[in-house]
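Please read through the structure below; I'll follow up with questions.
Just so it is clear, A, B, C and D label the chains in written order, and each chain counts residues from 1 on its own.
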Amino acid sequence: MLVQQYGLIGVFAVIAFIFPIVTLAFTWLLRPKRPNPLKNSTYECGIETVGDAWVQFRAQYYLFALIFVVFDIEAIFLFPFAVAFDKIGLFALVEAIIFVFILVVGLIYAWKKDALEWQ
Amino acid sequence: MTVPLSWYLIFATALFSLGFFAVLSRRNAVAVLMGVELMLNAVNVNLVAFWRYLTPSDLSGQIFVVFVFTVAAAEAAVGLALMISIYRTRKTINVDEINDLNL
Amino acid sequence: MVGQILFIIIAAFTLLMGLGTVVARNLFHAALFLVGVFFGIAALFILLEAEFLAMAQIIIYIGAIATLIVFAIMLSKGMMGREAGAYNKQWYFAGGAMILFFGLLSWLLVKMPFAAANASAPDDAIQQIGSGFVGHYVVPFEVASVLLLVALVGAIMLARERN
Amino acid sequence: MDLRALGESFVAMLENVGIPHGWVLLINWILGAVILLGVALLLAIFLIWFERKIAGRVQDRLGPNRVGPYGLIQPFADALKLLTKEDITPDNADRITYNLAPIIAVFHIIMLFAVIPFADKVVGANINVGILYLMAFGALGSMAMLMAGWASRNKYALLGGFRVVSQLLSYEIPVGLAMLIVVLMRGSMNLNVIAQGQGGLFGLGWYVWILPAVFIMYFVAALAEGERAPFDLLEAESEIVAGYNIEYSAMKFAWFYLAFFLNTWVLSAVAVTLFFGGWQGPFAAQIPALGVVYFFIKVFIMFFVFAWVRATFPRLRIDQMMSFCWKVLVPMGLALFLAVAIILKLGLPSAVTYALLFVVNIVILVVTLKLLGNYTRDLPKNKNKRLFAPELPRL
């Protein structure tokens, strides 16, 4: 049963990966190729580029990714819990509520510390 | 199921060695952290392989892997935050240059 | 037979990507190779009939941890480009030790007999995992959430820009 | 016409010819994969025309109407143009990553088609972790955007890539919570099983009637996940030029464009599967072909709403958008999750449970809107330089 379904996904993955490559190769044959340094320079609103493009970013991006990671893992824990929900008792529900509540504390902390604010 | 268990274990050993090599030899702390992730993944492969081959009816192996995921994520989050913090004051995150305690 | 060929292809791919992670001088490339490793391991989980873990692997490792690593790379200027001297002075020693370690361990593994149980994986694996979290493994389950909370608080403390 | 029987008779025919079982399976998979790929590509081409037409009508224009009847051939003409256009790669770009990014972008979105149930059991791969599969391959998309932004070696591309990834990550949580609540209701992550559970005459069993607040949360978050207005910072031309794909041209740009449209379609398809009964409709269980028709009608209505919103609303600022996700949608989602879990465990008769769920959904929705309304009413009093930065509500 498992093999049946994942076989298709595997074959599909190979085809879905090769297809765009083939198309790109095909257009490489079709299209004109007339590069020049001006055309190939980096775009910057019509002026010369200033400094390196790989600039340093602010920590704000990292903070959002961080909070996301925590909630993502929470979801991974809760999905099997939701699937097993019919089979488990009331006490298990209390445990899951505690689990969610501890993470809500984290969210409140992040809120208080202005980590949810885009600087 | 035609794949012998030892293949998985040897594969995991190879991955673990690669990760350990990165931890021991890379200078950049982020690269070291990537090595740690490789090692954790190798352990996960072992856990799942043992579950599948030795105790398929008991799901403990899979549950353990989920906990390893959690620990790996927490480790990555705090480790990288530490690196960002160190970089802010020291302008480097090469592990052999960060060798004193005062930041 | 087909399983063995698939295993060899996936394992070779994963190990190549792992090698790339270790040797790539550019950190962003190393992170991309790492994503390849995660993907290969998810495929191995499918081969081991652990479908839930395969998806969780992609969601957590590629969706969350790899993104986190890339973000952290971007936050330190100069780490994005090519860096000189990626290895420290003891790298040849570490490499030798690792080859020895790998050789020894795989020799042991080949020698060691394992009594493989010829049972099939349960159909309601996800359900069993779910009831395991709130049943037998309830303490680690709650500790995991505390760990995540602590990690969140600590990382916010560390990474926040103080004004 | 029975699609399942057609497939089965095809397999039987191949086995009768004397092809070994393994090869029959492989042929079957390849055929299925090619059909799915064809569906995805045809859809993309049609969707581009559809969306342009809607946007045109909403904004009192005609939309494409020159090439072919009602401009239907327009997307094909566009595709031909993009195929033969010169492709410019900036000299500074990291070539391999630069070329890999559009491939991953289109790969991840096409992969999503494998688990969408078009009719009862007419689904590429009927797996038990369908919802996690959607989340997993959806997450791959943000990796493609990071790659594109980084490899272009352009400030705007990098900034755009980072902003859009922050947005996608944040809004993945409300989407995931909405999916989680539906899984809680049905007790399965298999998308086909979820669709099966929403039977009943005239769509009375659809989860949207029981969980309206969850659907609204999903819809708002899906607007952001699909990078559509009012959350379309990707296309904020006035701010970050065009986002992560600014250095891309010709076919590589076309792949990003195609991924964008298909992403919205998949999000509508998931909305229909989770909340509007998927392929359910009169006689759909008996005749799968009818189910396909119902499914596509529902998805296109859903897509129309997405396009309508896009053509109507102005754009939010990024700080407002992030605040809205973390301070409004995520707490609301967690409250809904806990409320639904507790009500389901009370052990009441199903009619009472459903009524209670509906009431609780409405209450949570009203409370959320009330808090938001109070906040915006008191805005002039709050001396905050940002216009949308809610404080924690005082209890």
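The rule we apply is simple: contacts are C-beta pairs under 8 Å (C-beta built on N, C-alpha and C of every residue); 3 or more make two chains touch, one makes a residue touch a chain.
On a predicted model such as this, the values are computed, not experimentally measured, just so you know.
Student: Report the chain ID whose CA centroid sits closest to the centroid of the full protein CA set.
Tutor: Central chain is A.
Student: For the pairs A-B and A-D, output the one whose chains share more C-beta pairs in contact.
Tutor: A-D
Student: Centre to centre, by mean C-alpha position, how many angstrom separate chain B and chain D?
Tutor: 33
Student: Can you check how far apart chain A and chain B are, centre to centre, with Cα atoms defining each centre and the answer in Å?
Tutor: Each chain reduced to its C-alpha mean, chain A and chain B end up 20 Å apart.
Student: Averaged over CA atoms, how far is the centre of chain A from the centre of chain D? Could you give it in whole Å?
Tutor: 14
Student: Using the average of all C-alpha atoms in each chain as its centre, how far is it in Å between chain B and chain C?
Tutor: Centres of chain B and chain C (C-alpha means) sit 6 Å apart.
Student: Would you pick out the residues of chain A that each touch at least 2 other chains?
Tutor: 6, 10, 54-55, 57, 59, 61-62, 65-70, 72-73, 75-77, 79, 82-85, 96, 110
Student: Which positions in chain C are in touch with at least two other chains?
Tutor: As it turns out, chain C has residues touching two or more other chains at 49, 51-52, 56, 59-60, 63-65, 67-68, 71-72, 74-76, 80, 121, 126, 128-129, 133, 144, 148, 151-152, 155-156, 159, 161.
Student: In chain B, what residues contact two or more other chains?
Tutor: 66, 69-70, 73, 76-77, 80-81, 84
Student: Mind giving me all the chain pairs that touch?
Tutor: A-B, A-C, A-D, B-C, C-D
Student: Touching chain C in the complex: which residues of chain D?
Tutor: It comes out as residues 22, 94, 97, 127-129, 132-133, 135-140, 142-143, 146-147, 150, 158, 162, 165, 169, 172, 189.
Student: Residue numbers of chain B touching chain A in their complex, please.
Tutor: It comes out as residues 66, 69-70, 73, 76-77, 80-81, 84.
Student: Under the definition above, what is the set of chain C residues touching chain B in their complex?
Tutor: Per the stated touch rule, the residues are 1, 3-4, 7, 11, 14-15, 18-19, 21-22, 27, 30-31, 34, 37-38, 41, 44-45, 47-50, 52-53, 56-57, 60-61, 64-65, 68-69, 71-73, 75-76, 79, 83, 85-88, 90-91, 94-95, 97-99, 101-102, 105-106, 109-110, 112, 114-122, 125, 128-129, 132-133, 136-137, 140, 144, 147-148, 150-152, 154-156, 158-159, 161.
Student: Write out the stretch or stretches of chain A touching chain C in their complex.
Tutor: Residues 2, 6, 10, 52, 54-63, 65-70, 72-77, 79-85, 87-88, 91-92, 95-96, 98-99, 102-103, 105-106, 109-110, 113, 115, 119.
Student: Note which residues of chain A are touching chain B in the complex, please.
Tutor: Residue positions touching the partner: 59, 62, 66, 69-70, 72-73, 76-77.
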